[in-house]
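To start, the structure under review is shown below, and the notes come after it.
Naming follows writing order (A, B, C and D), and every chain is counted from residue 1.
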Amino acid sequence: VSEAGAALSWPDLAGRIVAGEGGRRHLLPIRVYYEDTDFSGFVYHASYLRFIERGRSDFLRLAGVHHRELLAGTGGTKPCAFVVRRMSLDFLKPARIDELLEVETRVDTITQATFELRQTVRRDATVVFAATVQVVLVSLDGRPQRLPGSVRDAITAG
Amino acid sequence: VSEAGAALSWPDLAGRIVAGEGGRRHLLPIRVYYEDTDFSGFVYHASYLRFIERGRSDFLRLAGVHHRELLAGTGGTKPCAFVVRRMSLDFLKPARIDELLEVETRVDTITQATFELRQTVRRDATVVFAATVQVVLVSLDGRPQRLPGSVRDAITAG
Amino acid sequence: VSEAGAALSWPDLAGRIVAGEGGRRHLLPIRVYYEDTDFSGFVYHASYLRFIERGRSDFLRLAGVHHRELLAGTGGTKPCAFVVRRMSLDFLKPARIDELLEVETRVDTITQATFELRQTVRRDATVVFAATVQVVLVSLDGRPQRLPGSVRDAITAG
Amino acid sequence: VSEAGAALSWPDLAGRIVAGEGGRRHLLPIRVYYEDTDFSGFVYHASYLRFIERGRSDFLRLAGVHHRELLAGTGGTKPCAFVVRRMSLDFLKPARIDELLEVETRVDTITQATFELRQTVRRDATVVFAATVQVVLVSLDGRPQRLPGSVRDAITAG
C-alpha cells in the first residue's frame, strides 16, 4: 500500500515503457552526479554500466519482473538472479556533471535461457554510449536456468 | 532549450523542495539497484553517502546553484567546488534491493564559509539512515571560500 | 592450497598488523585510481568509506575472521555479517589520482555486541581523513548478535 | 622521496610486469571486498571494469606513464587523459567476497592514436572475466591525441 502511495508521488521513478515507430522500448532519465564522474572531468566509464543496469532493472520492474521475488524463489523456480554474460560497449562521447541523460533499453533477441538487449545512453539527440548486453538467469550455485514463461512474456510483452 | 524540454518530460527528476509544518526541505526518491547492495543482501553502507549527495546536489540544483558553474568560476568567484568537511552518520535499519527510499535534506545552520545539513533516508515512515553534514566551498587548490551571496540566498531561500 | 600460494606471491595484499609505541594497529596501502576521484579532481568523499572498509576487512582477515564463514554460519553462530552502526568522519585534506595512501585501523573499545574502531587515512605523515566507526554483528534478519569469543579474541589479540 | 619510501614498504602495490613464454604482461592482485559484491552474493558485474582499470593504470605506472602528468600537460602535450573507446566483455564465472583474483593485462595492438589491450581476471587457473579494451588519449575538450613517443615506448617496451 505505501509502495503504491510512493509510486503515486513519484510517477516516473522507474521510467516509462513506450511503443511506437521504433518498437517497444524503455526510457529512464539519469542525472549525472559527483559519484558518476572522475578526475578527467568526464563521466567515469564504468558508470555507464550502472546506468544501463538501472535501465534493465526498471524495464523489468515495469514489465512485472522483480529481483527480490526471483531471489526468494517465488513463482515456482529455484532462487535465482539475472547476471550479465556478455557485453559490447561503445563509448562515443564524453558526458559531464549535472547533465541529464536518458537510457533506452530494447529487447533484441530471446532464447530459452538468455535474452539480449540493445541499450543506449543519450544526451538529447546525441548517443554518448551504446551497448549490446546478453543476460542469463542463474541459480545461486551459478547454473543457467530456463527463463520462466512469466518472465519471457513480461520481457517480450508476449 | 533541450534541457528545459527534458525537464518537462521528467518533472520530478531532481525531487521537490517542499515547505510546511516541518520547515523548508528537499525530498528526493531513490530506488535501490544492484549497484547499491552488497553480498550481505542489504544496502552497502557507503551507498547512503551517494544517496544523500544526490539529495544535496538536487536541492542546490532546484535552488539554482549548479556545480559546473561553480567549477567554471562564473558568478565572479574563483573556480570552486563544494566539499564535505565533516559527517556524523547513523545506520538505523537495513534496506534492500528494489526498495523505494526517500532522501530528505534540510539546512540546519549557515556561516560565512560553511553550511550544515540534516539529511535522512526513509522507507515510508521508517528512518533507515540519518546524517549531519558540514559542507565547505573550496577553490581548486583546496582553500575554503566565502559563500557567494547568491549561494547563501539560494540555500536559505533568502 | 592455491590461496596459500597466491598469498605467498603477494605477501602484503592484506596489509600488516604492527605493534609498537602506539599500540597494535593494522596498516593497508591504498592507491588512488580513476574510480576513486570525481570531477573536482579530488578523491570523491564516499571513496574514503570504501578505503576504510578494506582496512577493516583486512584487519579482520589477518586476525583470522572471515566474512564468508560468518555468512555461512560456520563457528556455531547463525549466519551473520558485520554492519556499520555509526560513523563520525572528518575530511581533512584533499587527495588526488595516483597518490599512495595508507589506512590505519585501531580497536578503540569492544562490548558484548559491538566494537569501535579508530581509522585514519594518511598520505605520508599527513592525515587526510579520520573516522570513528562502530561495528555490529547482525544476523540476516537484521538482529544484533553477541560477538563470538573467537571474534572477540581475534579483534583484541586475546 | 616519501613516495619512494612508501614504494619500498609496499613493493608489489602496483603489481608486476613479467615477461616469459606468453610475452610481456602485467599482473595485479585484487581482493574482493564488500564494495565489489551485490545482493546476489556474487561480484557486481561493473566491478570488473574497476578491477581492469586498476590493472591498466598500474601497468602504465610501472611502465612510467602517469595520469597526473598527462593531465598537467607535462611532456609537451596538451593536458589529456586516457579514455576507453570500446570494450568487449565476457563474464565467465561468478566470484565472491574475500576471494583473491588476479588481473592480467597485455598489449594487443597499438596505432597512432589508440592501443588495444587484452585483459583477464583469474581466480587461480580459472578465468572468471575476459575483456578486449580499446583506449584513446584525448585532450580535455574530448579530441583524440596522437600518442606521444614516450607513451608508445612505455606501452610497447620500446
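Just so it is clear, a contact is a pair of C-beta atoms (placed from the backbone, for glycine too) under 8 Å apart; a residue touches a chain by one contact, two chains touch by 3 or more.
Model, not experiment: these values are computed from the prediction.
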| item | value |
| --- | --- |
| Reference subunit D; chain at largest CA-centroid distance | B |
| Inter-chain centre distance, subunit B versus subunit D - centres from mean C-alpha coordinates, in Å | 33 |
| Centroid distance [mean C-alpha coordinates] between subunit B and subunit A, Å | 25 |
| Subunit A and subunit D, separation of their C-alpha mean positions in angstrom | 27 |
| For subunit C, residues contacting two or more additional chains | 34-35, 39-42, 46, 50, 53, 67, 71, 96-97 |
| Overall pattern in which the protein chains touch one another (line/ring/star/complete/other) | complete |
| Subunit A - residues contacting subunit C, complex | 34-35, 37-42, 44, 46, 96-97 |
| Complex contact set, residues of subunit B against subunit C | 39-42, 45-46, 49-50, 53, 67, 71, 81, 83-91, 93-94, 138, 140, 142 |
| Touching residues (chain side subunit C, partner subunit D) in the complex | 2-3, 6-7, 9-14, 29, 31, 33-35, 50, 53-54, 57-58, 61, 66-68, 71, 96-98, 100, 102, 124-125 |
